[in-house]
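Heads up, the next two complexes both have chain A, just with different partners, chain B and then chain C.
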Partner chain A sequence: MFLLQILANGIVLGCLYACIAAGFSLVWGVLNVINLMHGSFIVLGSYLAWAAYNGLGISPWITLLVAAPLFYGAGWLMQRGVLNRVIAAPVLVTLTLTFGLDLMLNNAMLLAFKADYRKLILDPPLGTLALGSVVVPVDRLVAMLFALVLTAALYLILRKSRVGRAIIAVRLDRDAATLMGVHVKSIYAAAFGFGAAMAGCAGVLLALIFPISPLSSTAYLGKAFVVCVLGGLGSVPGAVLGGLVLGILESFGAMAFGPEHAVTLSFGLLILFLIFRPQGLIGRRGFD
Partner chain B sequence: MTGLASPPMPRPLRRLARLALAAAACATALLPAVAAAQETIRFGAPLPMTGPLAPEALKQQQGYDLWAEQVNKAGGINVGGRRMKVEIVYIDYQSNTPRAVQAAERLITQEKVHFLFSPFGSGAAKAASTVSEKHGVPTIAPTASSAQVYDQGYKNLFGTFTPNETLTEPLANIVAQKAPGVKRVAILARNDLFPLAIAQEMEKSAKARGMNVVMFERYAINTMDHSAVMAKIKSVSPHWIFATGYINDLVLIKKQMADQRIEAPVVTMIAGPAYQEFIDAAGKGAENISSAAWWHPAARYKGTDVFGTSENYNKLFQARYKTEPDYAQASASVAGVLFQMAIEKAGTLDRAKVRETLAGMNVMTFYGPVTFGPTGQITSLEPPVFQIQNGRNVVVHPPSIRQGEFRLGVK
Partner chain C sequence: MTTGARNALLVGAVLLLAALPLVGDTYALRLGTFACMYAVMAVSWNVIGGMAGYPSFATAAFFGLGAYAGGVLLSKGGGLAGALLLSGTLAFAGAMLLGVVLLRLRGHYFAVASLAVAEVLRELANTATDLTGGGMGLNIPLAATSGGPQAEASFYFLLMWALLLLTLGVVLALERSRLGFGLQCIRQNESAADMIGVNATLYKSLAFAISGVFVAMAGTVYAAWVHYIEPPDVFDILFSVKPIVMALLGGLGSTAGALLGAFAFLAIEETVWRNSLEIHTGLLGLLIVVLLLFLPNGIVSLARRLRGSGASGG
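Take a look at the complex of A and B:
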């Protein structure tokens, strides 16, 4: 039973990680941009949920509906206005750009919200759910389900919609896509928008579980990195798989080696994957 | 050939330039010293005003400010017959210990403070103590309790928290008396100087009373997910859960304990439950959590300092900040008080003399009796043990200030 509890904890945590990483993976895979602002976007989403609930009494589930278009718009503008100018430059240039933008964003958040930890405490609390001796907190469970729905939605958009197919086409071969009449700059903006929307929504969900502070952004970004490398870049199912593997591994790893080694474990895994399987568990270059 | 290099300066001109440079350097070095030589005594306070430890910094700052305001209202510190106002110079080190050391250095060398308060917590206080020792600046640490901070043989470091075992011993006594059935102890410690040190003291205190430490785990600083270790705690079904960390860690741990429906007869957390913020954030889950600290607003001391009695300190604090003081704020205030008493007794700002006076100090304050041991750490306090009951902190030990009986059962 005890092992089941550890497994349940790992799966729930893994789905949250998947949600953190999906948008990051999309942007990295399609645009070849390592968006270092991703963690700050997540934190910003958390602040949105916190402010909406504590200030206006709006439930996080409704905030989610607002956050998705809001962050999509912000991401779209960011790509269109700033990133597209250097998109053809080597990856280091975009990395430096997002690094700089992240410094600005993060420090703006520090100024606006201070470094204090805020908590979004639902009243009444959602409580816990017991299946036999396995106990799962409902807030995590709901966040996990939403995370899965969001990730599935992203997957479907990429597979079924026109803009999704165009994103994949651009990813496969930018020049050919241009020749086929795809407006590459708009598609880049759309992809970045989807990435930002995923980050914002993840932030809203995580606000229920973790304390909110601008300092959390690096932790989220670190997890996103590991999950992407584990799962494979640009692949939405890869993000889910990578997230699950990381969640379960951390859960059992904390049991075996003690909780203080959870971070060492995940980054150790990152290095091993980079050496032996850089394409990730199910990553392939090209098609999704 | 010479097109790129600038032509060499004639020798007398070069000498003149060098002189001017030296003069400028001297002037900038002297300026703050001249400013400081006016009517104020400058105290340096490096604090983690932003970052995860920001709530702790705010408390220390409130304590210093209240003291400075009271002293200045009374006309300042009497330095050999001359009244001098107090000024506190703050530097934010962003919860980053290496920056705390730099901040201490900057306060001494650039801000020219006369005396220094240590940064927050045992780890940063220890790191910065090297700087004050190097410059011979008497330093009081208001929030460092671990013996490892004071055992470096330094002459200039003093601390207002008694060693960690003075918290764990009375706690273990009370639990052993009130709940003889408590045998299995699970300890979860933040992997940081003070939280780990006090967890190790707890282990000793528990073992000395025949209890069995069934789990001892540490978690990394900035850990956000404790679910795995919670499952482990649940699996060893402890009677007593002892968790250490700072307030944000402990609020998170309590929430994640509830997430897995972990209950135990005794749950102790250090250091967080002393703060009203902890009770507010943990809500009903805080009920019956026990803790210990170096001071409590229920204390009733009659001091000879600027605050006088503990009651008066509470009153002034309430009036200023609209909330009850806790031990962190009181300790910061008393650190100022002790500097003041030492300076007034020494009658000078001479650092060596003030240091000597501090070392030989034996005074009564609103915070309690103060004498420092040979390592500079206070030896004269009896820290109270308390428990959150009906959303309030209730003292359960020592008997002289007891407000209620120790209760069992934390959900």
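Take a look at the complex of A and C:
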């Protein structure tokens, strides 16, 4: 069935979108900072996968293990060194600051990798999997599974681990958390680190599917925005739901209106959601 | 110096700029046109971002709208006055309508929504190929000025300069008016402003519309000036961010600061651009970061700080 194929494409895409947005949503929800570097972090992760595979012959699945701590560390340092200085400043300041940092990062990537598109091609290719009339490339399927595993891992860290509980506590009530002995600044750094790690890992996975270029960073950032607002801010299940909704909607929308209208569709949806349901599909009201 | 005296001084300086076509070559005129364009953007943004305190990223949306609305009309053989009128009206009406819904959002939500407006308009311009030429861009015929490049450059400089004067006149009058006072109230505490009878929705929408109308007209002048526009050029997100940086550079919230910040920004940008083409966006980013971390109240505060430390030292 043709529709089933489109649905399958949408679900694969949606799981990757969830992975892109989970970290972004965490940072936005906990720190109240929109990290405009998120897209560039993702692209940087893609380059890491590309360089590791083409330079050293390391498969992307192994690169994930390196990417996660590497990006966590970079994000942690970024928050401790720069962003914590303006964390209490108005929206305008934090937003403009991460924009400035993104300009620097993106420019550095343009210099280092040039603007031409690269592609990570696995050798030998993994082939395709056919379930009835639905055909899915295996590399996409594996990338989707890893995206789900990563997102679930983030969920578990937030639920079960000590640092995760502290992050949730700071999100719910910063002052009360401080009084309970939580060191807020290092929790902010940890949250930003997790956000960066998710972006980097998502980038490694996306390298298998999309061409890599510094110019794709804004497109990824746009997806993260839309997914966050659709699903509800600061929650991992919200990011998964939002990702799936966007992925499926884009696939069917591309069929109905043509792929060139995908961006208009998703941003139109974003504006409608912001106006009529700013808490998202399953978010709660009151978190700003 | 009182605010009134400072404003008078700056308006005087802007008036003096009119002499530029008599003394400057085409490069100076090009810079001057950009200076006036940036100043229109920064002073306009300050109405919604500085006075009302709403972090708008919609400047690129207004600019692109004006460039395309005016550009399409010009390419269909319309006159420049008609194009300016069309883009101004379109931006004002659009902003009033959008404002009623968007300005109910606060903080990040408003910022993201205003950002999304530019993205949607960009994609619409990209896909409405019949009207806008889509990704191929839009060619705009040369205006019927005779007398070569110098005359042409002077013409567009004076046009942009006149637009800046108009913008300054309206915004300075607004600052002293009931509307300006209401916006200050809204920035400090919107609920309280509502309570004492400020019609917050109307005031905010008006501020949004005024912040859009001159930027759209600047977009039309830009389109006529460069003769060729394409969606990624005129809907560039940098057009949304630069006015904010200019306003921050000059010190947030005052018209004079925004004007000063625009000129200072252009000076920095031109120097950086000319000397390091490969890394100019990175350096622009560095400027933003340094500014926000170390000089959050603008260059005006630098003078005050130096004076302050001098007084305590002596």
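Going forward, the second predicted complex is superposed on the first by the 284 of 288 C-alpha atoms of A that agree within 3 Å, B and C clash if a C-alpha of one lies under 4 Å from a C-alpha of the other, contacts with A are read in each partner's own complex, and residues count from 1 in each chain.
One rule holds for everything that comes next: a contact is a pair of C-beta atoms (placed from the backbone, for glycine too) under 8 Å apart; a residue touches a chain by one contact, two chains touch by 3 or more.
All figures in this text were calculated on a predicted structure; none of them were measured in a lab.
Contact with neither chain B nor chain C is seen for A:Gly132 once the two complexes are overlaid on the shared chain. Of the two partner chains placed around the shared chain by superposition, neither chain B nor chain C is touched by A:Gly181. By the touch criterion defined above, A:Gly57 reaches neither chain B nor chain C.
Judged by the touch definition given at the top, the superposed model places A:Ser216 against chain B, while chain C stays out of reach. Shared-chain residue A:Val86: touches chain C; no touch with chain B.
After overlaying the two complexes on the shared chain, residue contacts for A:Glu260 are found with chain B and with chain C alike. Of the two partner chains placed by the overlay, neither chain B nor chain C lies in contact with A:Pro124.
Chain A residues in contact with chain B (one complex) as well as with chain C (other complex) are 260-261, 263.
Here chain B touches chain A in the complex through residues 50-52, 54-55, 94-95, 191, 217-220, 222-232, 234-235, 248, 251-252, 258-261, 281, 283, going by the rule given at the top.
For chain C in complex with chain A, the residues that touch the partner chain are 49, 55, 101-102, 104-109, 111-113, 116-117, 119-120, 123-124, 126-127, 237, 241, 244-245, 248, 278-279, 281-282, 284-289, 292-293, 296. Residues of chain A touching chain C in their complex: 28, 32, 34, 82, 85-86, 89-93, 95-97, 99-108, 111, 218, 222, 225, 229, 260-261, 263-264, 267-268, 270-271, 274-275, 278, 288. By the touch criterion given at the top, residues 2, 5-6, 9-10, 12-13, 110, 114-117, 119, 121, 128, 130, 135, 137, 139-140, 210-211, 213, 215-216, 219, 250-255, 258-263 of chain A touch chain B in their complex.
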